[in-house]
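The first chain written gets the first letter, and so on, giving A, B, C and D; residue counts start at 1 in each chain.
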Amino acid sequence: MGLSLQILLPFFGGLAVLFAPRFGRDYERYGTIAVMALTLLVLIFSALNGDSGRWLQLVQADWAPSFGIQVLLAMDGLSAAMLAISSILGIVCVFISWEVTHRSAMYHAVICWTVAAANGVFLAFDLLVFAFFWELMIIPAFLLIGLWGHGNREHAAMKFLVFNAVAGLGLLAAVFWMGATAPEITFDAFVLSEAGYSTPVQVILLLGFALAFMVKLPVPPFHAWLPDAHTQAPTAGSILLAGLLLKTGAYGLFRFPPLLFPEGLMAVAPYGMALGAFGVVYGAILACGQVDAKRLIAYTSIAHMSIVLMGVCGGVHFALAGAGVEMIAHAFSSSALFLLIGALQHRTGTRDLRELGGLQKTAPAFATSFAVFFAAALAMPGTANFLGEALVITGMFQVNWAFAAIALVSLVVSVVYATRLIGAIVFGKPKSETAVFEDLKPYELWPIIALGAGTIVFGLFPQVLIGWLRPAIDAALLPLGVGAP
Amino acid sequence: MTDGSIWSVAPLVLLGLAAILAMVLAPIQPTPRVRIAAALPMALAVIILLARLGAPEAPVSMLLADDGMARLGSALAAAAGLGILSFTRTICTGREGPALVAIAAAGGVALASANHGATLFLGLELTTLPMVALALMPRTEAAVEAGYKLFLIAGVGAGALLMGLVFGFGASGSLRLDAWSVDGPVAAIGLAFVLVGLSVKFALVPFHMWSPDLFAGAPAPVGAIAGSISKVAVAIAALRIGLSLPAPEIWTLGLLLAGGAAVILGNLAALRQDNLLRMLGYSSIAHSGYIALVLSVGGELMGETVLVYVASYAPAIVAAFAVAGLMGTGTRLEDLRGLAWSRPLAGVALGVALLSMAGLPPAVGFVAKIYLFSTLAGEAAWGPLVIAAIGSALGFAYYLRFAVRIFTAPRQPAPRATLNRADAVAMAASIALLITLGLYPEPLTSLVAASLP
Amino acid sequence: MTALNILLVLSAGLFLAGLFGVAARRTLLMQLISLEVMLAGPALGFIAAGAHHGSIEGSAMFILVLGLAAAEVALGLAIYLHMRRATGGDSDAATRLRG
Amino acid sequence: MLAYLLLLVPLPPLGGFLLLALDPYRLDRRPVLALSLAAGIAPLVLFLPLAIAYFTGAVGDMIAPAFTLNFGQYEVALAMQLDPLSAIGASTVTVVASCVMIYAADYMSGARVADLRRFFALMNLFQAGMLSMVLAADSIVFFLGWELMGLCSFFLISYNMTSPRAFAAGQKAFVMTRIADAALLAGLLLLFLEATSVRMDELIPAGLAAEESRAAIIAVLLLVGALGKSAQLPFQTWLPTAMAGPTPVSALLHSATMVAAGAVLLARFAPLIEATPGVAAATAIAGVATALFGALCAIAQTDVKRLLAYSSISQIGYMLLAVGMGAPGVAMAHFVIHAFFKSLLFMAAGVLSHAGGGSTAIEKLRGTAYVAPISFATYTVGAAALAGFPILSAGWWSKEAILGAAVEAGPFGQFLWLVALGGAALTGVYAYRPVLCALRKPLHDAPKGHESWLAVAPLIFLAIMSVLGGYLVEPIIHEMGGHAPHAGLGIEVMGALAAITGLIGSVAVTFIPSWNARIKRARRLRAGMQMDAIYYAFLVRPYRRIVRLLSGRDGRLGKHIGEGPEAQEGGMGDPVGTATVVFGLWLARVVTAPFMPDRFDTVIMRGAREAQRAGLWTRRLQSGRLRDYALGFALGLGVLVILGWGMTWG
């Protein structure tokens, strides 16, 4: 029961929040926080007394047997982590958009629905339901960018929609084909995983799935939508986009290819890693050349997620563990960076690095929090990002030294763009915009502290995180015939 | 008369009782109370019918069959009758309105379970003549003209049906439908005449001429009866004939020709209609065409498809007419602008009904469309499949034209008219039925599968 | 041609005559009358088939047909009275509903 | 139980960092200074008893496990250890750090409270990082400390927020050291894969047992890591520019501790280096070459801090030489001594430059000897130790040990010994230049400055250590397991001669105008053989061009595809992204070309018009006249009946 609550609670919570302003000022904000907190509690409750087998919780119920669709939700360590992140980010979004007043009821409802759709993706194991939630996820994000964005938000929202919708087609085609050709029409992932397709068929199906995941991940050359989406999205939008939607791509890659198409994945893995490697370097170099702060962080996300792609395609215990940790670490660090840049833009009205600077003098709290996430951005040991990248590099050393070398290059280039970012914002003499700059308000500071704690704690004591991901990693590696390291 | 057979004839008796009650009370009681008096026995009949769906067959006589088809058909007819009762207002159907609707419902039940020539003929007449009477009630020139057209064409149709029965009786020596022999010219001609008789009531081309004028001119309940009760009953009668006769060529060919023409002509004509009722009339012809195509194609899914299609069409047409009745007979496209905002329940009811008739996902029409296309594709009947596809495409055009209009912003804030309770209940019930069955079609599909041999 | 066939042809003839009357005559009254003629066809047919097969159902159906004819006359005359005022009994004039 | 005390050593500076950085209690000037001093000196107080107990043999080697993580099958146990290397290293670091903290308390007293808090927070964090690196028993804590130092050096070098030059220096330092750190990380991870465990005592034997090529690669990677952090030859350009940071930073980081961390790293992994002869030779050559290069460049410097920076580079070159010659003990001895006199030199130079009007140019130091006599005296003692003044200074003993080790290492060693000897002579030349300059008559007589005891006390202590330190060299070498090299009287005499010639050279350079002019003209030498410019030309500028090319900053490639009005001329140039969008649009156009709107539209519109006309035609069919309906009926009936009848003929 706990699992379906994960999806229904935010969904109906969103509906309730729509009508919340009638009861009083800011009730929609408190309502959303309550909904998210409740979802988190339910998650923790169901994760704690989950059984010790492969799945913490498994829910199976018929929805439309004549068409072979069923409600099949399963949760293990990995999806539990993802669900926790989605709820936490939900709360963070509410905190930082405390001053959003333009249609704020709808705004908070959309946040709830994004979380609901993402939770659906993290839980669904019936392929059709998974594809359904995958497509559903685009709509609230589209609304978030389209209605509450800055500048030319329509262009960015449309680009986001076209990219993801077209990619979704690949996933839908593969799912429908698998469902139709199964002996008796079913979309159950576990049944289909024993379907025993021949390798070429597996490769084609895998490409269908991979197309959807890679666009959402995003990995070059499918990444063109991310910078625009981030620059035009409101702060909460960027956080949900970076913290949540990117993770669904990574989660998808982590979960389904090894489960459904092991041989296909083995065949495609080298190309996947090559693409990931290219993405890492390309993202990093592009990040150095950016003028707009949010666009810079968007390109860093591309670099980090390409590392996740390399990790997932590595097919080795370390690589997958690294990919899992990097996913979670990136969720924390990039959301915090977007939050800070959002706060910055809210006060100075600009994100252009050439017009910012000197915040150390005027806003020390902002500067110190920026320093923490500057360290996370360049994967300083002691932050979870370093752990993720180090594990992926160890995995790559076991697989192919060239990819390991390229991943190491990313460590170096990350310093270049990180120092450029902090140099332009925190160092230097205060310019006209940043002269008067009141420091972070409590409702902005608390999320920062939460995210910072998350990065540092998981960086110093990764045992909790790795323990959570272990069952998912072992299961992902089993079909690939890769025993434990 | 075992108690099983008593239960089997109980619905017909109850409906007759309802009619008599309504006629007796009509002069002395105000119409709303008469309506309730008629509604109670009908509701009881519906409950009995639904309860007995699984019960063993106990036909009371050779005249009336008591198989699953008959029960489901009768249940639908009686339920439709109940729905129509809710919007038979005194202003448009006089004091005798409820009585006539009850008679029509009884006729529908008889026709649905007709197993013998006589009950077939009687059922047909019992549904037609009350419609004519109802059409005349407002005594306006348009209504009388519509009534007259229906009267004459239906009369000729009845004559053709009788000729068919004569030839059938002549050829096979018995009026029982399942006893008809098919070989020999006399039987074939008989079947042709019967097909013509049914096609008139089913409003297939070229016997459909009365239908658009009746829908436009006559008050709303008449169109509702024509669209729901008579269509359901005739479809099931035709299904029974089709199932009992071993693959007669004239029957399938006739249905194919008439059905195909009905689909094309019905949709084309509806494309440019501005009057809501006339559009519903033509679209009703098109839907009869789809059912005729399915009957002509046959195959093991035929029974299920016809039942699902009819079960999904009846509530939609009743809801549409409930709203039309509220809005008056002359409602043009512009009058619907912003209906969803000015009269939310009516707007949503009409919107959902149109979506269901168009066959779009949230409503049960989508499931019916799936059955329709899977039957046609299953039997590799490429001709009817193409015709049905073109028909549905055109259908999208004119249904959505009206549906979108409902949800646009209202030009001037129209006054919020008060719905009487019965109307509201009928609309709410039909919306619920259409949406829940659309999202979770399991009960309908299992019910239909159980009721077929 | 057996006796039954001849009689069936005769009843079909009667039916077609009535149908022609409805299609050809303009005035309402004549259309009603030809309707009644048309119903006479099946009546004859039922009697013939009943006699041929020696089953009572023929005459039972005959009585039903008579019942229908009576009902139709009642309704027809009621409509005729109304229509006479509006269109002077001419069915072609009643074209308010079309298109 | 004493082992857990080890874990406590780096904690106070860490605590100090947190308290100062987050500043929960809004401390003002005095509590901030008190807290930072306490946190800075606490490790010394905690560690000294342990070190003494260890050196006097009361306590043996011990490992204090922090906590264990399990990655799948691997058990990863993080821990701190006390062994000869970590004892020596840690004690040196704690002593020098305490001195610098005390000195900084006085030197930085002029700064704003916020900047002061930030400065001391970072200094404490740095000390925590260095201590955890030195005391680490496993590669993860080691690398954590290593990177933490890099981060602190970046923030400390660019401490002076407003000056872009400081930030540029910080960024350059961070990027260059990070390149080396990446190599080090690669080496450590390969070792980890080799040894399937993280502990140093398991890594080194596994490294030795690894097959030939892999061990060589690991050793090279470790060497590159060391070269980067210690600013040796290929990576040395960042240290001179890092002098933009305040003097205490240079004193602690860029002289004694961080820069020498490379030597500690090589000493820690010495067995691996020695196992592959090629790499050992490379280390030695790199060491000697850098020593020579550093000495040469130092001579031409006009700024005292840059001079000392180059001298640090060359002195660490000597340490590398020692490790290359297979004597890590000697290297550590020199590390200790160098830490003392180099931090002394930096701090004393700081006081002298303050006395000489604030600028650190050597010319400006004229006559400061009389303004700040005590710091001048300590500076002279430091300079003597740097130049390796025979017998008297500690520098002499450690340098002799290194030269001895070189000689004992066979013919190749002897050649390196010759080069090193030359280097020693050059060291003598540049070491005394500031001293002699300070002794010259001041151009304008400045009043005798007041030297606060807070600044002078550490100087005096370090001066004493720079003299008495010599006695430490023997025990340190023994402690590290090496044997003190006895190269024979001739070698030692040669060493003394080199030192003396250095002194004479220095006097000549400062006082003989023609030589002095030649030094001033040696611009290329002063700029460190223009290595900086070469790097910029061949590495940085091409990189910047690629970045600009890709991100379309100069507009060549970066024309925008439908970007809205707010298109900043930077950004949206990325070719791969635009390529996909362009490809997508092209594909859409090609696919829909046959259905181009005009053609496609006409088809649809024609179809629609047909449908409309048919609709109108059917509506006309519905004439409304009843007799037409009856006619339609009759036709239909006729067709069906005839069909029915006809079919039965067959």
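Rule of thumb we're sticking to: a residue touches a chain if its C-beta (ideal position, glycine included) is under 8 Å from a C-beta of that chain, and two chains touch if they have at least 3 such contacts.
Source: prediction; values computed, not measured.
Novice: Please report the smallest number of touch steps linking chain A to chain C.
Specialist: Tracing touching chains, the least step count from chain A to chain C comes to 2.
Novice: Find the chain most remote from chain A, comparing centres computed as mean CA coordinates.
Specialist: Computed centres place C farthest from chain A.
Novice: Can you compute the centre-to-centre distance for chain A and chain D, using the mean CA position of each chain? Integer Å is fine.
Specialist: Their C-alpha centroids are separated by 32 Å.
Novice: In whole angstrom, how far does the Cα centroid of chain B sit from the Cα centroid of chain C?
Specialist: Distance between chain centres, rounded to whole Å: 26 Å.
Novice: How many angstrom lie between the centres of chain C and chain D, each centre taken as the mean Cα position?
Specialist: Taking the mean C-alpha position of each chain, the two centres sit 110 Å apart.
Novice: How many Å are there between the centre of chain B and the centre of chain D, using C-alpha atoms for each centre?
Specialist: A distance of 85 Å separates the two centres.
Novice: Mind pulling the residue numbers of chain D that touch at least two other chains?
Specialist: Those would be 619, 622, 624, 626, 630, 633, 637.
Novice: If I count partner chains per residue in chain C, which residues reach a count of at least 2?
Specialist: Answer for chain C, listing residues that touch two or more other chains: 19, 22, 31, 91, 94, 96-99.
Novice: State the interface residues of chain D toward chain B in the complex, per the touch definition above.
Specialist: Touching chain B from chain D are residues 611-612, 614-616, 618-619, 622, 624, 626, 628-630, 632-633, 635-637, 640-641, 643-645, 647-649.
Novice: If you look only at chain D, which of its residues touch chain A in the complex?
Specialist: 21-22, 67, 69-74, 114, 118, 140, 143-144, 147-148, 151, 154-155, 158, 161-162, 164, 167, 170-171, 174-175, 178-179, 181-183, 185-186, 189-190, 192-193, 546-548, 550-553, 562-566, 568, 570-574, 576-581, 584
Novice: Mind pulling up the chain A residues that touch chain D in the complex?
Specialist: 151-152, 155, 159, 162, 166, 220-224, 227-228, 282, 285-286, 288-292, 295, 299, 317-318, 321, 352, 358, 360-361, 364, 368, 371, 375, 378, 380-382, 386, 390-391, 393-394, 397-398, 404-405, 408-409, 411-412, 415-416, 419-420, 423, 426-429, 461-463, 466, 470, 473, 484-485
Novice: Tell me, which parts of chain C touch chain B in their complex?
Specialist: 4-5, 8, 11-12, 15, 18-19, 22, 28, 31, 35, 38-39, 41-42, 45-46, 48-50, 52-53, 55, 57-58, 60-61, 64-65, 68, 71-72, 75-76, 78-79, 82-83, 86, 91, 94, 96-99
Novice: Going by the contact rule at the top, pick out the chain D residues touching chain C in the complex.
Specialist: 619-620, 622-627, 630-631, 633-634, 637
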